[in-house]
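Below are structures written as structure tokens.
One chain, chain A, appears in both complexes that follow, with chain B as partner in the first and chain C in the second.
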Partner chain A sequence: MSDQAIIDAYSDRPWEAPGRHEPVVRLRGIVKRFGGIEAVSGVDLDIYRGEIFCLLGGSGCGKTTLLRMLAGLELPDAGSIEIDGQDVTALPPYERPVNMMFQSYALFPHMSVAANVAFGLKRDGIRGAELESRVAQALAQLELIDFANRRPHQLSGGQRQRVALARAIVKRPKLLLLDEPLGALDKRLRENAQYQLMKLADDTGITMIVVTHDQEEAMVLSTRSAVMDKGQVRQIGTPSELYERPGSRFVAAFLGNITLFDGSVAAIRDGIAELSVDGLDAPLFAAAGSVLAGSRGALAVRPEKVRIGREGEAPESQVNRLGGIVEGLAYLGDITSYRVRTDHGALVEVTRANSENAAKRDLDWDDRVEVWFSPENALLLGAD
Partner chain B sequence: MSRRRGKVALLGLVVAGFAFLYLPLVVLVLFSFNASKLVSVWGGWSTKWYLELFRNEQILNAAWLSLKIATINATGATLLGTMAGLVLARFGRFGGRALFTGLIAAPLVMPDVIIGISLLLTFVSMEQFIGWPYGRGIDTILIAHITFSTAYVAVVVQSRASGLDRSIEEAALDLGARPITAFLLVTLPMLAPALASGWLLAFTLSLDDLVIASFVSGPGSSTLPMVIFSKVRLGVTPEINALATLLIGIVALAAGTATWIQIRRSGRA
Partner chain C sequence: MAEASTSRPVTDAAGKSFWFSGKGLVAGIPYLWLFVFFLVPFAIVFRISLSEPLIAQPPYSPLFGADGSYQGSFFNYQLLFEDALFRAAYLNSLWVAGISTLVTLLIGYPMAYVIARARPLVRNLLLMAVMLPFWSSFLLRVYALKTIMADTGLVNGLLLNFGLIDAPIRMLQTDFALYVGISYTYLPFMILPLYATLERLDWSLVEAAEDLGCRSWKAFLLVTLPLSVPGIIAGAMLVFIPATGEFVIPNMLGASDTLMIGRMLWDTFFSERDWTLASSLAVVLLLLLVLPIMLFQIAESRREERV
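Showing the complex of A and B:
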């Protein structure tokens, strides 16, 4: 394959070949303190053209502060921000090629929908026919034509969200920042809005950075996400990397449910580690990851990768098997979730797809069961 | 049964309360239409005291002066009070904030007599040292009124400004507006209801004021309340009742408008 072919092959996923592409956003060593407390401490990020990049974390993890620094609403105490090759670290918000959609939407209450959308264009001196056509285009893109003359207080929550989005994209920014863009919508609206946002990213090609606390939202929307905690980026990856190969207990526990067994690594053979689990006689086996033999570690396994059956139902070939009692059971329609207390006292979460009619329960509360999982589907994490 | 009795009792209390507040005003308004020259004796309906009133040069001049002062005062106080209110609402914790807040609010609780006498002393000594303000008249009344009205406007603007979503102004900056543009196109329109009610409040306060104006006015610059008060000392004439009725009308209109603006706006925001 020629070099050009490789570039082409990767062109819609530039982050997979970082050496060949210039990032649109380059953050280096960003630090921000509020009254002596570090809200953001030393963040480096490269974000590429066309990405929907999620900053994911709990409240107070620094994700919104980071977004506000990109918008120019806060100035970093250290570090540099480059957007499209231009150092914007010290530029005020009105001189940055960046637009932001605020969590509260921040619509101008005394202006009509059309005037809200036109506001940014007018600041660039755009008038007359061009102004009208660009406003109309943005309104059409978000299905707002019928509401052009309404005031924000006359709109529903979903319509306001779309006005905020239209206002933020109409200037065709190099970077669109979204602060919890779907946070105020109810569940049904949110799903539609998610797809609308992805379609918008596709149609316009605008690079987006989305702040969210909702891991599901990050999974659906993002090309890649950065999981943040205490002002630092804990891991950057695609949704499946973060879910299937979390690098730490924090990331593993933040994205979805997971069962952890603490122990010490007895041996590593062919990339499979043998873990002596505290309080358990037989060892458990898992993909080794970067953990070294002799160190402490934790075996992590997702609930849907654990199988469950009556005692003795586990195939003989399974090395990771544990006996226990069903302590909790939740029927969720598409899946059933079990909590199994193992004989050595650990709690294991198991989910099972109800691929057949589950009206007749074959496993019930207090039943003796066996749970098992293959080593390839479990992961060994460091002790952090 | 007892429930119904409770309701009647409650209604009675409400009526008694409102009577306590408004009966004197009703009596005054009624007597302004009294044909008799004796204030406390009813002599049939008449509007002749209103006609008398409009022929009285002294009262008309005083009324004109008061309106002029009230208008200029309201405008000046709104300008200064808005700045003070914005600083209080927006600048977070700056050095001396508590002191600044206290100093802004002091005129709200300071007795009028003290404000009046202190201003008088200041004006007199300023005249001695720098020759300004020369004598006392409309200038000194204006300065005095703006001094205390500003405090009221500041409080009104502060409460509105601290209730505004900061991110609306940030959105304006983000969309390319320089800070001054953002202020004029976004912040100011959102503050408009507070500015309007602050202006009307300052207007009413100035129109009402007797004590402070008495201290700082000079010959030939008697405001309406001063003229009324001096007339009352010689005995209440039905003319004064007519004048008072008109004043009640103006003040009620101003207060009503201010309330209406606030309600209409807050319903939207």
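Showing the complex of A and C:
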């Protein structure tokens, strides 16, 4: 394979070959304090062209502050921000090749939809036919042509969200920042808007950074996400990496549901760790990850990877098996979710696709059951 | 009132009439207030303005003769419009009020802006400072201004002491003192509605403007200023309207020949004891102020309906 072919092969996952690709956004050692409290403490990030990169975390984790520093609305106390090779750390917002979509949308209430969209272009001295055609193009892209002359307060929430998006992309920024872009939409609208956003990223090629607290949104939208906590990035990865291979208890618990068994690592053989779980006689086994023998750790297993059945239904060869009682049961349409209280007092979450058990509701509240999972489907996390 | 009777049934489920239900009582209080303290006095003033002056008790002619014939006339209004002095007084009042409104706006806007953007603790302190003058008597404050601006007052004393001037600058009994007095007195009425508007302004709009390429001053001109127009209008009305009829400040600080309608009114009423002409002066002043405001509000509500 030629060098070019290798680059091409990696081009939709540029972060896997960082030497070959220049990141569009490069953050180094970003620190921001508010009144002595560090809102962002030492963040390094490389974000590549065409990515939809999510900053994911709970409220107060520093994700919005980080976004505002990228926009130039806050200045970092330390560190540097590079956008497309240019150091913009100290540039004011109006000199950055960046546009932002605000959580409140921040549409100008005294201007029509078209004037809102034209606002940024006019500031660049664009007038006349070019102004009109670019505004029309942005409005068309977001299906807003019919609303061009309306005022923001005459629009529905979904329409306002699209106006905010049109206004933010019309200047063709090198980087589009979105602060909870779908947070104010109801569930049905949100799903459409997610796909619209992805299509927009694809059509325009604009690199996007999305702040969200909603892990599902990050999973749907992002090429990669950074999970943030207390001003720091805990893990960066693609949605499946973060979900399947969380590096810490925090990330594991933040994305989706997970059951954790604390214990100490007794031995590691062939990449499989033997964990003596606190309060449990028989050990459990899991993929070792980076945990060392003798250390404390936690076994983590996702609900959909745990099987459930009546006592004795588990295959004889299965090493990870626990007896218990069904303590809770929720029918969710596509799946059924069980909460099983094991004999040693732990709570295990299990989900089962309803393609299997739609007709026969074979398990019920207070039934005695057995849950099991294979070691490859469980992960051992360090005790942090 | 008309709306209440057309848009909803006059009686509610319990069969009580709207005006005797709890809601009606609450809604009725402001109407009652306006009726007793505005409409009735105005009717009395208007009625007096239609009479002729008499040296009697009361000092004006009855509206109906002994035979029941109507004897009122618009004689006083005719007099007002034909007299150049009254015309000049009206115009000068509007002019003085206009300039004062502009001055309070130019001083009050930045103050309101700073207060609205300050931290909550600082904001409350500053608001308190704005309202503090209300805790002392208005007359006392105007007297204080008088001592500050007098030939032997604080300002001249300081300037003389530092050798910046050789002779005191005459400030009292000039238009300067008049504008200082009115602007100082009415400044809080400009600041408070402006503050209320600016405080509610979504700061992210300004950030959005900067994000889209505006320098700070341009973001102010294109976003903050247009969105604070309601506050500017409210403040301007609160200053302009009372300033037009102002009597005490021109009397105490202004030049003796300052023509203002408030002073004319006082003189006509108390010196000349012509209640009828004074009443017509007051009615014309009221119309002069109320008509433009009503037209403005009608236009405004039409615009809002369109939008």
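Assume the second predicted complex is superposed on the first by the 380 of 384 C-alpha atoms of A that agree within 3 Å, B and C clash if a C-alpha of one lies under 4 Å from a C-alpha of the other, contacts with A are read in each partner's own complex, and residues count from 1 in each chain.
We take it that a contact is a pair of C-beta atoms (placed from the backbone, for glycine too) under 8 Å apart; a residue touches a chain by one contact, two chains touch by 3 or more.
Source: prediction; values computed, not measured.
Overlaying the two complexes via chain A brings chain B and chain C into a clash. After overlaying the two complexes on the shared chain, residue contacts for A:14 are found with neither chain B nor chain C. By the touch criterion stated above, A:50 is placed in contact with neither chain B nor chain C. In the superposed model, A:158 makes contact with neither chain B nor chain C. With both structures placed on the common chain, the touch criterion links A:167 to chain B and to chain C.
After overlaying the two complexes on the shared chain, residue contacts for A:23 are found with neither chain B nor chain C. When the two complexes are overlaid on their common chain A, residue A:102 makes contact with chain B and with chain C alike. In the superposition on chain A, chain A positions 71-73, 92-94, 98-100, 102-104, 106, 108-110, 119-120, 123-124, 151, 153, 167, 171 are in contact with chain B in one complex as well as with chain C in the other.
Only residues 165, 167-168, 170-178, 181, 185-186, 189-190, 192, 268-269 of chain B touch chain A when the two sit together in their complex. Chain A makes touch with chain C in their complex at residues 71-73, 92-94, 98-100, 102-104, 106, 108-110, 119-120, 123-124, 151, 153-154, 167, 171. Residues 71-73, 92-94, 98-100, 102-104, 106-110, 119-120, 123-124, 151, 153, 167, 171 of chain A are the ones touching chain B in the complex. For chain C in complex with chain A, the touching residues are 202, 204-205, 207-215, 218, 222-223, 226-227, 307.
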